[in-house]
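One chain, chain A, appears in both complexes that follow, with chain B as partner in the first and chain C in the second.
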Partner chain A sequence: MKFRTQRISWLFFATCMLLLCLQIVYGFIMGFAHMGYDVLHDYIPFNTARATHTNVLVVWLLCGFMGAAYYIVPEESGRELWSPKLAVVQWASLLLVAVTAVIGFHFNWWEGRKFLEIPRPLDYLVVINVLSFVLNIGMTTFTGKRYTTTGMVLLVGLVSAALLYLPGMIWFDSQVMDSYFRWWVVHLWVEGVWELIMGAIMSYLLIKLTGVDREVIEKWLYIIVGLTFVSGILGTGHHYYWIGAPEYWLIVGGVFSALEPLAFLGMALYGVTMARRGGRKHPNKIAMYWTVGCGIMSFVGAGFLGFAHTLPSVNIYTHGTLVTAMHGHLAFWGAYAMIVLAIISYAMPQMTGRKFFDTWVPEWAFWISNIGMLSMTCAFAVAGVTQVYLERRVGMDFLEVQAAVAVHFTALVLAASLFTLGILLFIYDFIRYGFPSDEAVEGAAEPEAAAAK
Partner chain B sequence: MSSTAQTSHVELPGGGVIWVVLASELLTFGLFFLAYAAAYGAEPEVFQSAQANLHAGWGTINTAVLLTGSWLAARAVQAHPAGKARPWLAAAALSGVAFTGIKLFEYVHVFELGITLSTNTFWFSYLFLTAIHLLHLFVGVGVLGWLAATYDRTQTDDWADTIEAAAVYWHMVDLIWIVLFPALYLVHP
Partner chain C sequence: MLSKSQARLFFAVATGGFSFVFLGLTVDTVMQVPERSHSENITEEVIHGKELWESNNCMGCHTLLGEGAYYAPELTKVVDRRGAEWMRIFLRDPQAMFPGQRKMVQYDFTEDEISALIAFFDWNGKIDTNGFPAEHDLAPPAPVVVAATSGADAMATAPAMVATVCMACHAVGGNGGNIGPAFEGVGNRYTEDELDRWLADPASVKPGTAMPNLGLADDVRGDLVEWLMTLD
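The block that comes next holds the complex of A and B.
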């Protein structure tokens, strides 16, 4: 690493590892509940487990993005972080809010409102927290030595993500209006500005790992940004089909969301072509695995599986079923979890100065977790299609259908065990790297950085 | 053009990136034109009676304005090697302003009839597609206006790609309107 303060990202990455474990535990609780072993029901009912599982996911991904930003922005703007102290305070307060929220869920302290369940007082703390993060990153960028496209796209993505949290805090008496604006947060995050963050992190990694000219890589980043906005903004309409919003959203949401895979196809092509073109073989092969893998898996999970049930004529049957869980798992894994794991894989040797990347552990972590997640997706797909058929076509009762698909959750739990093994290997590797070291500053000068001098 | 030569083997006017933008835009509008045709086929009476409220004359004038604008943008590309593109760029941007004025006048007429996006499928198509087209036109006016304002007659090589790309984009705005205009105003199968 080039700057001493880049090491702050380690705190965020370590938090990611902890929260990912927590998320997996709650996933298992729900998997067993679906199999009929809802033994923790009195302490952790399904709704609590579900809220914890999804909210912890969002927090650890945001934590990963913040860590990535604290690592990337100093380097892209050519200066130390504006205020390292503020960054540490921001990390600690974020962790405090997250822990409070998770404990709160277990005592029924929550709002309902799927994916944005944290209670209103905590929302205000999140806003303050994110403002201090944006201030720190923004000041670093604007007082830096240079502006780069990668740095600016990352900043625009993070600031927009912060602003888009606000529509979720407006109070409405109408359920329809509440849902309508709740999707502005959820959809415009994951199918909008998060794609900018993902594109920018990918672009940074590809510049570092492939040796292809920054100019070429950043030009294709513009295309991805363009495709994201063309499709993603009005693609929000695919959440409005059956919630009481005007009927025209069927056509608007249908057409635009059908185009959303283009942005992810762009990411996949971006990763693969740049990797092939790269003349330089960076020794950190495993970071390249995660980067290119992220491009491909995001296209499969977010692009292809999203398209599979986005058209209104399909969605009228699949809406709110396990088909959504199938898409959701591979989409979040492929697009956002993998990009965070990619930047962690790249940054850890840089921050600690230890080069463990050519051992078997990270490579097996990559393959086992990916095969595990693909198997989970298949299990969800079989359960989801069966549910759609029995419940929506044959007209069987919801709970009878849940009993009928319980068997597929055995397969899900087995696949999830494989996935967990992969993640545990990744975390073992993370721990093995240890803490960031001052000796690593400038020690591992990148060829790009060296050429710039 | 050196960076373009690296990314694509064919030298496209304005560079490769603008053509990717063009392709994704035309794909989006293309899907909407197909949906429009299907919706028209499903309820021809609704569409025909709604269409009777539009005045083809205003649409025709706007078509002429945009075609003139495209010609002006093409002239800007031709005049650029001699460093004389500025007036053509400014005039092309102004054609977009004129189009917007006429379009807003038409919208006022439509809104006076009490029409909204939810009135029926025709009015949704008219309002939504023309509004999306207008947004694209605003982008074009902004780019052409910015180029005219910051034009540097000495930097002809560096600017060639940018001016070509702006002209390609401006032709696209025109092209979409040329399909939109007959579909909304003229076709009565």
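The block that comes next holds the complex of A and C.
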């Protein structure tokens, strides 16, 4: 850690850990409900559990991105954070909004639009919150000593994510228009600007961990985020097949979303190639695991499994079934959860000055959580494909089919237990590192930092 | 080999170019959607239905246009599939229709709210969705019913709710559901009083039965019993 104020990201990372636990708890509630044990129905009905599960995910990933930005941007621009006080206030208010939203979900207070369930008054608070975050990061960048591609891509990603939240706040009388512009937020976030953020964090980590020349890494960063937008922007069309939009979206969406795996393949190759080329053996190999793992799993989950049901001739049967849940779980895990866990794994030793690289805990956390999540994906896949055939193709009744696939949710819950064990190990490791320390400032001399002097 | 400035150029041109195309297609879509979705039929009632749909987070369990969660049925064509009558009874008390099965929250909707929801679903069901949801292309062919004639006769005199509500679970002349028993011969098996008591409160006659209390008015119930007694 080169600057004292980078430690603020610890607050955000700790929040990630807490919210991740909450997300897992609500995931289990839904898993059991699918098995037939909806014992909490009177207190936490399925729609409450579902809204909590997905919104807490979005908030903890955003928290992770913000933490990453507060850690990376001072270092990339060569100065302390513009206003550490604002950052702390921003953290506290974000947490307050998240907690209020989750409590509201339990009292039927929400705006029931998939992924954007938080009630409208809170939407405005989120906007103010994100603006103050962007202001802080922006001022740090523009008054800094240097501009780097990594820093700028991160900033552009964060600003665009903030702007793209706005179309989701327009009221439409028509469900078709509502859905059309809701995807501007959801799709253009996760298959657009969030990939900029992911790419930038990955690029930062690869520069730090591999010792490959910054120019080379950042050149490929441009290519990969360029590919993301080539495929991702018009790839939004795969959400427009069946909602009442014109027929040409079947072709536009089909062709461009078929290209989306390329961007993720790029991410995977990017991680693997840079890791091989790096002459330096960074002692923090667990951060390397998460970084390269993120590239690979995002290709499998977001790229490959997304492609598996994106073509219109397949999607007309799989749209709105558990097949989507299969893709969703591995995609969010591989692309976004893992990049946040990667930056946490990298930053914790830097911030605290404690170097627990070589213990078994973080390594097992990595393998167990990944194997758990892959197993969950398989359980969802079996349940989803069965549902598609029985319900959508043979025409069996919905509830009969759900009863038939309930057994696969037993497998899902078992796999989820394994996943949870991995996450608990990760959190144990996080707690073991303790709080950031002033002694860590400039204590960890990076070769790149030394070269810059 | 590609230089960094060329890579940056690729990024800028790709992003700018495809954003431009996307905005163009959006303008065209916004112009076509009113016709494809019959937006002239969006009445106050439909809008109220949409507000109810959102304020209760129905998408947290159901899908509409295939979007939502996967815990409860797809609702795009629900009015075609179930009929407004059935939906009205269901929405008054969701758990009564499927006792012992997956639960829906009891929202205590007013009759006006139920009408608004049905209007909202009805409007959604008429959107041109490019063929979604698909036909059941692997469905086994419908069985040929030999004794269809008596069923057809019976249906001619049946009250309207038989086709829209009862046949969701019961069959007449080989058509209808298989959750409850077929209606043929019911007039021989029970007396008028027994059927009346049964329809008024099924659970008091047979605790734990899957038959819901439909909350029928006395005259509606009377007509139904009268018709059931003709099935011998």
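Here is the rule we go by: the second predicted complex is superposed on the first by the 453 of 453 C-alpha atoms of A that agree within 3 Å, B and C clash if a C-alpha of one lies under 4 Å from a C-alpha of the other, contacts with A are read in each partner's own complex, and residues count from 1 in each chain.
The criterion applied here is as follows: a residue touches a chain if its C-beta (ideal position, glycine included) is under 8 Å from a C-beta of that chain, and two chains touch if they have at least 3 such contacts.
Remember, it's a predicted structure, so these values are computed and weren't measured experimentally.
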First (chain B), second (chain C), both or neither touched by A:Y240: second
Which superposed partner A:H319 touches (first chain B, second chain C, both, neither): second
Contacts of A:I251 with chain B and chain C, given as first, second, both or neither: first
Which of chain B and chain C A:L262 touches, first, second, both or neither: first
Contacts of A:E215 with chain B and chain C, given as first, second, both or neither: both
Partner chain(s) touched by A:I223 [first = chain B, second = chain C, both, neither]: both
Residues of chain A at both interfaces, chain B in one complex, chain C in the other: 215, 219-220, 222-223, 226-227, 230, 246-248, 252
Chain A-facing residues of chain C, complex: 2-4, 7-8, 10-11, 14-15, 18-19, 21-22, 25-26, 28-30, 32-34, 36-37, 39, 42, 46-47, 50, 53-61, 63-74, 98, 101-103, 105, 120, 123-124, 127-134, 136-140
Residue numbers on chain A that touch chain B, as the complex places them: 213, 215-216, 219-220, 222-223, 226-227, 230-231, 246-248, 251-252, 255-256, 258-259, 262
Complex contacts: residues of chain A adjacent to chain C: 30, 33-34, 36, 38, 41, 45-48, 50-51, 105, 108, 110-114, 117, 149, 173-180, 215, 218-220, 222-223, 225-227, 229-230, 233-234, 236, 240-250, 252, 316-317, 319-322, 324-325, 387, 389, 392-395, 398-399, 402
Interface residues, chain B side, partner chain A - complex: 3, 6-7, 17, 20-21, 24-25, 27-28, 31-32, 35, 39, 117-118, 124, 128
